[in-house]
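There's a structure below that I have some questions on.
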Amino acid sequence: MVKEKLFLNDQFNQKVEKDLLAHLLPHKKVGNIFIFILLAIILVGIYAYYRQLRYGLIVTSMRDYTSWGVYISNFVFLVAISLVGSLFSSILKLSKATWSTPLTRISEIIAIAAIICASVIIIVDMGRPDRFINVLIHGRIQSPIIWDVIIITTYLTISVLLLYISLIPDLAICRDKLTDAPRWKKWFYKVFSINWHGTPEQNNILHKVSFMLSVMVIPVAFAIHTVTSWLFSTTWRPGWDSTNLGPYFVSGALMAGAAVIIGAMYFIRNALNLKDYLTDKLFDHMGKLLVLLSLVYLYFNINEYLGPAFKMVGVEGEHIIELFFGKYASMYWLVQVFGLVLPIVVLVFAWGRKPLPMLIISILVLLGAWFKRFLIVIPSLQHPYLPIQDVDESYRHYIPSWEEWAITFASFAGCLLIITFLVKLLPVIPIWETKKEEGGEPKQLEV
Amino acid sequence: MKSVIKHILIISLVATITTDNIFAQKKKTARVQVGYFKNYDKAEHLVATLIVKEKRYVPLSNGVIHFYSVSDTSRVLLSKIHTDNDGKAVFIINDDNPKIIKGPSGVFTFEVEYEGNSSVNAAKRKIAIKRGDLEVSFFQKDSTKSIEVSATEIGLNDQIIPIEGVNILLYVQGTFSLLNFGKEKTDENGIIHIDFPTDMPGDTTGVLTIVAKIDDNKTFGTIESRGEMNWGIPIEPVKEKQRGLGDTDAPLWMVYTLIILLSAVWFHYLYVIFLIVKIKLVNGSI
Amino acid sequence: MKNKAADHRRKFLKSSIYAGVSAIAGTSLIQGCNTGASNAGEKVKLLTTDGTLVEVNQSNLTKMSHQPVSPDEARKGIPGRHFVMVVDLSRCRNARKCIKACDHHHQLTPDRPFIKVLRMQDNKASSPYWMPKKCFHCDNPPCVKVCPVGATYKRSDALVLIDNKRCIGCRFCMAACPYSARVFNWGKPKPQKTDHSYSPETSVPSQIGTVEKCDFCPDMLRQDKVPHCITACPNGALYFGDQIADSVTNGSETVRLSTLLRDKAAYRYHEELGTEPNVYYLPPSDRLFPFKEAPEGQPS
């Protein structure tokens, strides 16, 4: 009986290894075309940035008053996305939601990609990127920007550590099994699997480290998005001047993160043929999770707007009217209805939690999340305490210029490129954990 | 015939206007103003201000002003001085300057003249002054602080005569200007008494500068006298280095919090890296 | 001998302003001099700002041309001062002379002035009024608190200045300033004339990608002169002075700050924000001019 189980385990594990390593071998053309398109988008973005460096931020549509634009709202969006890493490798893991195991790797990859692009975008937003060194020389730790710089570095580091720690056994598998991979890849697997042989001692250390990191990542991740929200809530702008902003941002980020995972699941499952691992059941779980996170976000949304809308104090009231009925009303209601309410409604039904509807919903959620950040950043700036007068008419509006769009899309493309690269380099579903969990006992005990 | 005359009239009118215009463009009207000043250190000087009419009057710099001492019979050149950026030229009156002529009953008459140039007209002006003096004394009795100012003039034979009925203004020296706190006419002894306000801020030790002035008087020009007294309310010295959200240096609690938080987190990172290295090293037991 | 004297006088006057270094330590500005009449030698008589006459050696004179203080020095305030401005709203008729003077002195283009004259109306029942607005040089300045590099800073004399050689262009200060006092060099600033090295006290030359705002003309304050806008106002609506000395002047009259603020019921914009502005406003009652709408063509 025992023998049989071991045999089954073995068979299963071999299949797992085969399936999950498949995408690391030389790939189809489709992937190359995808990369090519991404590179093209990035090149356009680089050209736009070159123009910005040459002529100054005048190439953007930002002006006095609307002094922050899509760069900042996109930055907030990317930071939000990056929060997903902590959601899977920590919150779900610690709460023993074992169904989420196949998603940890991809969520960590997305987190790293998003946080790198966020830092690039924030540099793009600077009027004098050539003086970035001043942040180190003259940094004032009283400034929320410095907090952000610190916490981004901290979060990026822990994300890389988290990804790497859970990767060591898989890299060892790659090292052992992927004998016909290209030279540099084999070298990479060999060096970075740091002589992993799954000895009990190594396993012990690994578990210890990974537990420690999953505990630590929670405060760090919450901090990164809370600090980002403080960039706004430390000012007096209507819509920013709110004590609710921290949890509001964090909950929104977790929701967007879940949506991003759903999208990624869908594409990876189809592109890499991993239907057996990214199962419909998993989609179902994710759907339920997204409903939960959406409800939390809905709650904070109501909390955020009800007070000001009830009181209608001065510019705060004007800002609310602008959002509800004014020139941002269509965007606002589209975002709230399609990006928040509709997903909740659809996903509570079982049919809504099938892969395709979920993909559509997750795209809606992501669009909503992106425009929501736009709505948080821009209308607030257009409602200062003292009226906007004595300036050119164009100062009252903000429609991003092509340079801004190009750079924004380039940041997405950059994000996807990093993800694609890592997916081609690393097993996108943790092999050792899949083996362990679905195959019963840890491998080394079988011998 | 009538119409011809009319035409001629019009033409000549136009011609006059045009020539007038050309003329006006060529030569600008200049004006020179002059004042007599006696400083608190008893230095006396004449300040001539040269202005020309552009759209309105503006100061003309680097114009040569001639200063003359005049009497009924003579006119002696004292000096030629260039105007500065504000159109001002200052001539210092030295007591022992032999060229300065004393007129009857102690009146001195000066004339300033700008000779003009190709684009600016000439201008001149006379000023007649008597040389006066102000003496300030300070008295303090209990909490009342009072100031006595006596105004005198120098008569023909150098005798000192009190000035009666002249307005004397009292000021405290401010950062940019003089802050007035009193004004009174002198009595027959040429004296005024004024109480000093009790709530005037001084410097860190309460010292302030009190200025008494005869301001732009027809006969005496501007005469100033001043004295320093510690009659002000001492102000608190500005604290130099501070720590705060709006200062260069962060508040200490913030520094400590940040150090503690960051070192806690980053220490763990280092520990993780240490453990990773350990994973590599414990290999071999297989 | 005479010729030589005249010559040296001319040279002296041409190079505008000199300061005596050793003989008149502590005094800096000279209003004029007299060399023609008595001195033909190396001695020069100078009149200092406080009215003292001094005699110094020609060799002790150094050219000053208002060289502004260094960026490091510009971080310290002028000792013992706390500058304030008072705007008498009842005297403003939107003459916009302050804007012009400011634009001229700071070499700004008219599309992004430091001073704005806003048409304000507190409620429907009350009549509109004109409000000249510049940086309030807050005592609890949000812009300074958020600046990541200390490019914008608060000085002991209450001024909030910007070091545009340090500013990284993050525009956080613009988001933080509740009074929209700051402008940004989105593109290349127009070329500006200057014959001295950069100092945050003059903010000339402007730098692309950095932020700017009203600076209370510290280069003028260093010479004990009031900012340009004060003297430019034809209606004496703007007062400037020192809170510590408790006196403000609008160029023609000098009054006690505390009396003025008390008697005219002065207020500050958005006191509730806790920014502690150093610009006070006197209510627009008993106006000198009836309110007239802005002429066509004035940007609004």
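All chains are identified by letter, namely A, B and C, in their written order; residue positions are counted from 1 within each chain.
The rule is short, and it goes like this: contacts are C-beta pairs under 8 Å (C-beta built on N, C-alpha and C of every residue); 3 or more make two chains touch, one makes a residue touch a chain.
Everything numeric here is computed off the predicted structure, so don't read it as measured data.
Think of each touching pair as a link: the shortest run of links from subunit A to subunit C has 1 of them. When the C-beta contacts at A-B and at B-C are tallied, the pair with the greater total is B-C.
Taking the mean Cα position of each chain as its centre, B sits at the greatest distance from subunit A.
Chain nearest the geometric middle of the protein is C, using mean C-alpha positions.
Computed from the mean C-alpha positions, the centre of subunit A lies at a distance of 49 Å from the centre of subunit C. Taking each chain's centre as the average of its CA atoms, subunit A and subunit B sit 65 Å apart.
We define each chain's centre as the mean of its Cα atoms; on that basis subunit B and subunit C are separated by 17 Å.
For subunit C, the set of residues touching two or more other chains reads 145, 150.
In subunit B, the residues touching two or more other chains are 245-248. In subunit A, the residues touching two or more other chains are 140, 142. Remark: subunit C residues 9-10, 13-14, 16, 31-34, 36-38, 45, 47, 51-53, 75, 77, 79-82, 140-141, 144-145, 150, 153-154, 156, 224-226, 240-242, 244-247, 249, 254-256 touch subunit B in the complex. Contact residues of subunit B toward subunit A in the complex are 244-248, 250-251, 254-255, 258, 262, 265-266, 268-269, 271-273, 275-276, 278-280, 282-286. Contact residues on subunit C toward subunit A in their complex (touch as defined above): 111-113, 116-120, 133, 142, 145-151, 166-172, 174-176, 178-180, 182-188, 207-211, 269-270, 273, 299-300. Subunit A contributes residues 55-58, 60, 62-65, 67-68, 125-129, 131-132, 134-135, 137-140, 142-146, 149, 231-232, 234-237, 381, 384-392 to its touches with subunit C in the complex. On subunit A, the positions that touch subunit B within their shared complex are 140-142, 150, 154, 157-158, 161, 164-165, 168, 194-199, 201-202, 205-206, 208-209, 212-213, 216, 220.
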